[in-house]
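I'd like to ask you about the structure that follows.
To keep things simple, chains are lettered A, B, C and D as they appear, and every chain counts its residues starting from 1.
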Amino acid sequence: MSSSTGTAFRITTFGESHGPALGVVVDGCPPRLALAREEIQRDLDRRRPGQSRLTTPRGEPDQVEILSGLSRDGRTLGTPIGLLIRNEDARGGDYREMDEMFRPSHADYTYQAKYGIREPRGGGRASARETAARVAAGAVARKLLQVDTGVEVLAWVRQVGSITSDVDPAKVRLAHVERTPVRCPDPAAALRMIECIDQVRREGDSIGGVVEVVARGVPAGWGEPVFDKLEADLAKALLSLPASKGFEIGSGFGSLGMKGSEHNDPFVMRKGRVRTKTNQSGGIQGGISNGEAIVCRVVFKPTATIRKPQVTVDVDGRRRTLAARGRHDPCVLPRAVPVVEAAVLLVLADHFLRQRAIAR
Amino acid sequence: MSSSTGTAFRITTFGESHGPALGVVVDGCPPRLALAREEIQRDLDRRRPGQSRLTTPRGEPDQVEILSGLSRDGRTLGTPIGLLIRNEDARGGDYREMDEMFRPSHADYTYQAKYGIREPRGGGRASARETAARVAAGAVARKLLQVDTGVEVLAWVRQVGSITSDVDPAKVRLAHVERTPVRCPDPAAALRMIECIDQVRREGDSIGGVVEVVARGVPAGWGEPVFDKLEADLAKALLSLPASKGFEIGSGFGSLGMKGSEHNDPFVMRKGRVRTKTNQSGGIQGGISNGEAIVCRVVFKPTATIRKPQVTVDVDGRRRTLAARGRHDPCVLPRAVPVVEAAVLLVLADHFLRQRAIAR
Amino acid sequence: MSSSTGTAFRITTFGESHGPALGVVVDGCPPRLALAREEIQRDLDRRRPGQSRLTTPRGEPDQVEILSGLSRDGRTLGTPIGLLIRNEDARGGDYREMDEMFRPSHADYTYQAKYGIREPRGGGRASARETAARVAAGAVARKLLQVDTGVEVLAWVRQVGSITSDVDPAKVRLAHVERTPVRCPDPAAALRMIECIDQVRREGDSIGGVVEVVARGVPAGWGEPVFDKLEADLAKALLSLPASKGFEIGSGFGSLGMKGSEHNDPFVMRKGRVRTKTNQSGGIQGGISNGEAIVCRVVFKPTATIRKPQVTVDVDGRRRTLAARGRHDPCVLPRAVPVVEAAVLLVLADHFLRQRAIAR
Amino acid sequence: MSSSTGTAFRITTFGESHGPALGVVVDGCPPRLALAREEIQRDLDRRRPGQSRLTTPRGEPDQVEILSGLSRDGRTLGTPIGLLIRNEDARGGDYREMDEMFRPSHADYTYQAKYGIREPRGGGRASARETAARVAAGAVARKLLQVDTGVEVLAWVRQVGSITSDVDPAKVRLAHVERTPVRCPDPAAALRMIECIDQVRREGDSIGGVVEVVARGVPAGWGEPVFDKLEADLAKALLSLPASKGFEIGSGFGSLGMKGSEHNDPFVMRKGRVRTKTNQSGGIQGGISNGEAIVCRVVFKPTATIRKPQVTVDVDGRRRTLAARGRHDPCVLPRAVPVVEAAVLLVLADHFLRQRAIAR
């Protein structure tokens, strides 16, 4: 019972990694928005497996089909948009051992404990494959925000392991991100990241990192007081991504080194608008956007699936040794980039519509 | 429209800092739970202002009144529990300047942008005073979890500015936390933290820090796949607290230094139960509790209200200088401890009931 | 867990009949709406007990206190509006017998079965006293609709027992309704209804009837496809009122005598607007308002509390005879009128805001 | 934004009448429930067009595909169940006139007013074809209730136009209902109903009627106080069905002829259980089931689509004459029977799970 998210722009997803299909229903999208299948496919292609040697070789074309919600001339009807992605390359055989063993730091054991049953092939519903549906829905949110508000959301790999990069959230562009398969717009850092990922792959190991994301053009006034603060909804959306372990906005954990007098963002007038001189707030104050760029970061752990042998127990409680044979990414970061964007886009589209409901 | 949170155990709060009262409606609490006013008051007293020289001198007794939901013999009826806390010491005069100026890194400007109106006295709805209602509701969640599941939630101050502490989440007890007004159970660190807070107070400045929280006794199986992952709901709850800037669970940002083979938590059998040897996962895997201690951390920025003069603009866009005169905390951390506990308790109570709905 | 209703304009109520207080939190009301306590009190006064010999003599002043959500100059802040009504005349003694016996066609037995506990004094949460909170919230909805849309909602008693009336929903005014204590705007029918109610009161019995309600000025386009059709939300709101047993909209059960060619509402142009010649649809087509008057009816059963002795069982399963001594209305219809209005107002305010969220 | 319904057992539907497909996501179904595609297909086959000369000749096979949520051995996984029904016989040509004209008592005009766009082929989202998705989801609810609670839901045609029938809700069986194409278990009435429907079809006209539905085996304690009363949720579910104009439970509008002393259901002990002697309450008291059969009725208007020429206006406001050529049912009642069952099943499954969440 957690397959839906959002209040006014609301999506519902379904699908297991190795079942017939993944899908999503996008509900609440305003009518008369021109929307082409290609606009959804474009984001899916960025998330698709097999894009480079940095990612899993699973051969999923991830072609999306629009099942409802569009007029014959390609405009939204205001009714729910049903999107379908068939699973094509689901090799069940690779996962036979998972029937019996709980893979460390995977969801095998917890799903079994929760439901008393689980789909072991590819992790079932717990697989990151599920995020394809979010990316498809996020593409609809992206189009809505683009057309109605000019808001632009862009993410990139900021850190892999201990390799950091130098990127200016105010200036980075999609072309910079897509220049390398690791999706880090700092070319020097990107090279070292690629080497690092190659290295851990050869070792049969894995590595984590940080994705940074910026939303530019969000007007002041989106977000809600108290429980649905904009940063709270962003934190939830990003912590609901597989393998994420932490979130920060603006100064984040970096605020620990500052005093209030250093951390506060002074207000100034610029071109007749109230602006802040610095952006420690990350574009949100009291849960509500202040018109500055919204900047946040999410940390992803090293992929749990590794080729190196690991100690674990099986479903009968016996000690076992496991060496994964399924296809997987040694580092989820490059493919996480469009997923992070989708998560942020969905939150923003929702708060955009929520704000419209109460604006007088 | 974000005054409610939770799905099965659901609360709704109301109240401005300087209005007549704060309140909360707790809906979905199971019936026949013995609940005394004192059990709620106890948690409120820990959050209450004026406890020590580390906190604001505002003199709020914060006495809670139970308006509904209890039988004459003090058991829950299954109907909504209405809780009321009157505001007593609301000195409107202190805040006259705020009518005109946007305080840096406060919500004055964003509320004005969102609503075209705002209550400047004490920050209105954006004030951390709002968290009193969460603490009251959290006390109900605490009692429910205690009686029905044995789950125990405990938070403490882990870091103030750059002063760190050494605390074992598996062993720390409430008495250790309450030993010092700064609520850090490491006595040496506590002393240094108190000094540091005293120092910034004297400077008219403020400081932030990290609160750590543990939930012990959570059985395997709480939480949901995909959007309402347990860590996602925790992240949202903690990022919805005033002044919080980041969240991490288990290894969190510390996972950046590890490879998968180091980070994965090997499964082992202990006393006939599936356990993990390490707890990088922080007690949650794939969004669902695995029976280990749930450990997470939230970072709070330095309090935005400081006595030091600051540059800002007023409602007419003129440059102004502001030196706060309202009462405030130089460091929110000590009083944030029971608030963090409440946030976690509310999430856990909700997932406890959600899991019962589907268990067959 | 059903103390909230509404999606964009959302209310949460609490309170038992004989507890300390009733209350409601109104969330989602747009900001900068002028709102006076008296506007809420006015509707409460129409629902208040003891208005005439037709209603219960319970002496509740039902004075409302606004706890939050308003600025000092009486405008909504956009934050939740907390409203409180203290219970004053709660004579617990009258209800001692109810501790032991299940009153026929009351909720005593079902609450006991559901919760394993119940508050017998005055029916606890199941008492129609709970509707005071809805009326208070409805008054806020009324003001919002009035100011922002011009929508007007008016209800009246259409039938008591078998006494019907002749009222034109297009023309009836509040003054006509309030002319008699029975709230039937047809003077001749009103007289006979009053006589009938007096008669059943003298007999120690009770009688039911039909309330009709009209919403005038609703523009075309409110409501939603599929599950939240406007008539579906109205039906839910009206069937959630104590003692209601049925609902119909437009032609309702009267459509049984017609063929499609008679029942369909032909479209015509009037003053440049698309209108319908007849209004069998009751102002809603496909779940969405069509700009005509919304007309629906709700039937209330005879009050379950009667003085006449009745056969029942007690909590130990023994056969008992019960003759109610508590204060009660022989006919709920006159006091149900403002409650029906509130239910309809809350649904309309919600759909008004929902429509604004998606309008492009 | 109303494509979802339910709180704990929650469904989300999508699809237009003449788009690629209809579908539904069932979320919250407990795990380990054996569920076969055939069990879903069986209910769909009862709703399918073209079953007899009483229904539309549109040739939709309505074959359901299960996309997710089931294990390889056919048990629910606890994850969302995605169900897909392709539209096969969508003759767009039949509906060309609807591009230009607003069909009387259809949703053409209101959708246009709401969204500024509409899908005219077959009524788009407003088509009763949408109910196929509800029936598919209802079959899952039926299986869950059957296995876990023994609850059984059965509906039948009680009245067509002015032709009434004599059916005992306590004894009627599915076989009786399915004996005739009109789905009225009273054979004499069924014959007259069939004749009547045949007659209006020949006239190019249409007729309405009443469907009655019973839920047997519901234990005492399902339902909620105040807003989500069981009868309120039933009313909403049934009024959200296309063409429904009214709802009643138990005595319903028939209570108008009774006094309280006649209408109240005396409690009696039967086989050690608290029962009621009569069932005017329709199995629900104070919003909560009392263990008696739940009996309610819904009235459907005459089908809006008729062959007889009708006056209307076109999108340019010009007076036009319309004679429908699309395929349609002269009377929706026979096919509404499984749809009514589905609506009731979905409400009951939801309240079954909601009650489990709070039972201590």
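Going forward, contacts are C-beta pairs under 8 Å (C-beta built on N, C-alpha and C of every residue); 3 or more make two chains touch, one makes a residue touch a chain.
Since this is a predicted model, take the numbers as computed values, not measurements.
Comparing mean CA positions across the assembly, the chain most remote from chain D is B.
More C-beta pairs in contact connect the chains of A-D than those of the other pair, out of A-C and A-D.
Here the repeat of C-D among A-B, B-D or B-C is A-B, since over half of its contact pairs match by residue number. Computed from the mean C-alpha positions, the centre of chain A lies at a distance of 39 Å from the centre of chain D.
The centroid of the Cα atoms in chain A and the matching centroid in chain B are 26 Å apart.
Averaged C-alpha coordinates give centres for chain A and chain C that are 46 Å from one another. Shared contact sites, meaning residues of chain A that touch two or more other chains, fall at 1-4, 8, 13, 28, 31-32, 78-79, 111, 114, 116, 125, 225, 354, 357-358, 360. Residues of chain B touching chain A in their complex: 1-5, 7, 13, 102, 104-107, 109-111, 113-114, 116, 123, 125-126, 130, 159, 161-162, 200, 203, 205-210, 219-229, 231-240, 242, 244-253, 255-269, 272, 274, 276-277, 280-282, 284-291, 299, 301-306, 308, 310-313, 317, 319, 354-355, 357-358, 360.
Contact residues on chain C toward chain A in their complex (touch as defined above): 8, 28-33, 78-79, 148, 225, 353-354, 356-360. Residue ranges of chain D in contact with chain A, taken from their complex: 1-4, 8, 10, 12-16, 19-23, 25, 27-28, 31-32, 65-72, 75-82, 84, 111, 114-119, 124-125.
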